[in-house]
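After this come two complexes, each holding subunit A, first together with subunit B and then together with subunit C.
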Partner chain A sequence: MSKDEQRIRTAEHWARKIRLDIIDMCCRVGPERKAHPGGALSAADIVAALYFDKMRIDPDTPQWPDRDRFILSKGHTCPVLYAALANRGYFSKDLYGTLRRVDGNLQGHPDMRKTPGVDMTTGSLGHGLAAGAGIAMSAKIDRKDFRVFVLLGDGELQEGLVWESAMASPRLGLTNLTVIIDINRLQSGGSVEQILPLHPLREKWASFGWNTIEINGHHMEEILAALDLAVLEQERPTAILARTVKGKGVKFMEDDNSWHQRTLTEEEYCLAVKMLESGGSA
Partner chain B sequence: MKNPRVELKTVYGEVLVELGADNPDIFVVEADLMKASGSKPFLENYPDRHINVGVAEQNLVGIAAGIAAAGGIPFACTMANFMAKRACDQVAMSVAYNMFNVKLVGCYAGLTQEKNGGTHISFMDIGVMRSMPGMTVLVPGDSEEFRQAVRAASVFQGPVYIRMPKLLQGSLPGKTYEFEIGPCYQYGNGNDLTVIATGLATDIALDSLQVLEEAGIAARVLHVPTIKPLDTESVIRCARETRACITIEDHATVGGLGGLIAETLTAACPVPLARIGMQDAFGLTADLEFQLEHFGITASHVAAEAIRLLDGRGQNE
Partner chain C sequence: MNTSQAKMGSTRKAAGQGVLELARAGRDVVAIAADTAKSMYTTLLEAEFPERAIDVGIAEQNMVMMAAGLASTGKIAYATSYSVFTSMRCSEQLRTFAAYPALNVNVIAGIGGYSGGIEGVTHLATEDLGIMRCIAGMTVFAPADAISTLQAVKAAADIPGPVYIRVGRDDSPVIFDDSYTFVPGIPVVHRKGSDVTILTCGLALAYVLEAADILEQAGISAEIIEMHTIKPVLQPEVVMESVTRTGRLLTVEEHNIVGGLATVAAEIMEGTGPFLFRKIGLADTYGESGTPEELRKKYGVEPSAVADTAKRLCT
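What follows is the complex of A and B.
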């Protein structure tokens, strides 16, 4: 196996683990406390690529000042982040049962004060890019070489603050900032296209001065190649537009927006595990 | 002769340059209002640490939060009206929730917006900011105190909001203290009435002492430059030692000092209370003196309310 193939297989392996843990959390959370599995599953490959390939991090030193940062701006899909952090060794999977519990480390939205490895509290949509830009600006001024990755949802792009930050980041010269947009085409109330269409999305970001890359957000080779390009870019911040499928990996959840926020029953959980372990949604 | 009012932007520019010289972690973040904030000297001295995000208050506070997340101490400034309202969610979620070391400065605060008018006059900023868990809220009463408040905020760990009017008295008369975060400061010892004041209204409250004395009412002024955490001990002590309280501020009494003192005294030491300030109203397009008169933020109104509360009788009568 070539080195590149090895990178791809490794990241894919962890993406599968992350998906299994997402459905575990989203079942265990119980019917009283619904988590958001659909948008977590659509982001699983991207988050796996970041935490198991691209990011310079040290799980033993979550506050390492020179670490790369990841901000899950679409904070409601936090099971994907918690699964990545636990699999990467930031905390024990025993904490999965604390998701959305009053005294739990795993809050309903990422809370940097409660969860080791969370680089920014998010939940109120649209905040992540501004905070990421601030961190990236700090790195630039202090001549540090760490990078900042911000994952946004496509529905989230309807928030005005996203565009304030999108406008400012190229002007501030934030070449160390990468945005990844998880374009799963569904938001809480239905189809993004029907509620408030975004296209031409690539042209929007490009016209704001971003280096733009369009990929299939479930094709690991494309994800890794895009992240590699983002790091090489010397002139502009990079926006990776990742086409994804909400619920990806579990056939009965794919493109079904009832899984935006919903708890898996035991039966659904068992079926989902089978689907994931058999290597996909087929 | 009173000390003339001073433009605080000059003071802000000076003190930022001093702080920047001492501490490389100090950043200044602006939403293109350097003409109002006065941070240009910092830009000239430390261009790398001065960031203008454009006319975008949410992004201003979001970026400041990011700078604090990476260990910096950002001073983010925009007009108080926009800091408290446009960037409210960013202040709450990106700054206060994380207890980030961000210093928020609301310039041209209160009625000193003058002829920028009702769209620009901030009458909610104290209320909004003091409702944020963990936020320290400073409302200085003179330009020296403003300078000291900015310095104090720079070494204080945690989020701070500083209310920065366009103008304040250079120095309040008869001052005997150096500002620090926390205490209220008392002027006079009269036992009939406590006039509780903050910001530029403290100067007016001090003027009222003379008018009250002429009306036979022995009063004291309690100046509250730290709105949060409130020095409740001093407020309650003064309420106990006098027969009534009057609050005065250039802010809505709802949510402002008036609301704060009502909340505090109702729970701990109910006394007759009048609250002077803006009452369910937007500001006007008018100069400061006209607006103070219009909203009754005057020494004579304090006296009239005092007479009403005390049934016209001071103990000295």
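What follows is the complex of A and C.
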């Protein structure tokens, strides 16, 4: 196996683990406090690529000042982040059971003070990119080489603050900032296309001064190549537009927006595990 | 003192100077403006430390969020715009992304109270102290002059979590001298008195001190207490002791009487026994266009109006 192939297989391995843990959390959380599995699954390959390949991090030192940062701006899909952090060794998987529970470390949306490894509190949509720009600015001021990766949902791009930051970041020279847009085409209320279309999306980001890359957000080779290109870019911040499928990897959840926020029954959980272990629909 | 003869100074410029002095002292500060670099004097920092001064354009939410990101890496961030915008447009950013994670995001909020009067209601911050005060973990300062503003801005660097600092617009009377030390949370007794306690904050202090002279000539002894820290009030007993002694409390603020200083006073005095209580402020309404002096006259903050209200309270 070539070195590149090994990178791809490794990241894919962890993406599968992350998906299994997402459905574990989204079942165990119980019917009273539903989590958001659909958007977590659509982001799993991207998050796996970041935490198990691209990011310079040290799980033993979550507050290492020179670490790369990740901000999950679409904070409601935090099971994907919690699964990546636990698998990467930031905390024990025993914490999965605390998701959305009183006194728990795993809050309903990411909390930088309660969960080791969470770099920014998020959950109110539209805020992650601007916070990431501040962190990227800090690196520029101190001439440090750490990088900032921010994951946004496509529906989230309807928030005005995203565009304030999209406008300012190239002007501020934040070449160390990468935004990845998880384009799963669905938002809470239905189809992004029907509620408030975003196209032409690549042209929008390009016209704001961003280096833009379009990929299949479930094709690990493309994800890794795009992240490599983002790191090489010297002139502009990079926006990676990743086409994804909400619920990806669990056939009965794919493209079905009832899984935006919903708890898996035991039966559904067992079926999902089978699908994921057999390679699912990938 | 008499404001017409007083030395004048700009609280906005003093705030910019405070950030510059922190940088000169080697503190890891960054100032962010929202097309306000000139008006909020972050140009002072920029002239000496250009990499530490940022202007994000007319985008206050982006300004506060970038400040939160900067603060998450250990920087001491100062977001500088006008009170009316930072307290309302950025209320959520300050609550969820600065106060809740306890990040060192400090807001220098210009044109507070009636100081922006000529612009009209869109630019009059008369709810900001109340809005900021009900955010857990937020410290709220309303310093009274340029000297205390400079010190308040510097003090904010060492306070965990965000600090909201309301300053003015034009030059205003200088009340303190260089020997003054701003101590967060501790009310300042400017004048001892026995007939009525007048509680105030921010630029209104200058007028209240003049009112005390008028009252003295009328044979009324007013105790003047400045609450430069709206939250947290670390020595409420200063107010409780005074009002218990005088039996009369008058609050004077350039703010809605709902949620600001009058509410703070009521919270402090809860359960302390009978006393007479009057409030000068906007009576749950909006201001209007006019010079700051015209608005202070109409809404009862000018010295003679404060004195008249205090006299009625004492008869």
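One rule holds in what follows: the second predicted complex is superposed on the first by the 281 of 282 C-alpha atoms of A that agree within 3 Å, B and C clash if a C-alpha of one lies under 4 Å from a C-alpha of the other, contacts with A are read in each partner's own complex, and residues count from 1 in each chain.
The definition used in the following text is that a contact is a pair of C-beta atoms (placed from the backbone, for glycine too) under 8 Å apart; a residue touches a chain by one contact, two chains touch by 3 or more.
Predicted model, so just to flag it, every value in this text is computed and none were measured.
In this overlay on subunit A, subunit B clashes with subunit C.
Contacts of A:106 after superposition on the shared chain: neither subunit B nor subunit C is touched.
When the two structures are aligned on the shared chain, A:48 is found in touch with neither subunit B nor subunit C.
In the superposition on chain A, A:137 makes contact with both subunit B and subunit C.
Using the contact criterion defined above for the overlaid structures, shared-chain residue A:164 touches subunit B and also reaches subunit C.
Residue contacts after overlaying the shared chain place A:172 against subunit B and subunit C alike.
Residue contacts after overlaying the shared chain place A:119 against subunit B and subunit C alike.
By the touch criterion defined above, A:127 lies against subunit B and subunit C together after alignment on the C-alpha atoms of chain A. In the superposition on the C-alpha atoms of chain A, the part of subunit A touched by subunit B in one complex and by subunit C in the other spans residues 65, 111-113, 119-121, 123-124, 127, 130-139, 141, 160-161, 164-165, 167-168, 172. Within the complex formed with subunit A, the subunit C residues making contact are 30, 51-52, 54, 56-57, 59, 61-62, 65-75, 77, 92-93, 96-97, 100-102.
Listed in rising order, the residues of subunit A touching subunit C in the complex are 65, 111-113, 119-121, 123-124, 127, 130-141, 160-161, 164-165, 167-168, 172.
By the touch rule above, subunit A contacts subunit B in their complex via residues 65, 111-113, 119-121, 123-124, 127, 129-139, 141-142, 160-161, 164-165, 167-168, 171-172. By the touch criterion stated above, subunit B contacts subunit A in their complex at residues 27, 48-49, 51, 53-54, 56, 58-59, 61-72, 74, 89-90, 93-94, 97-99.
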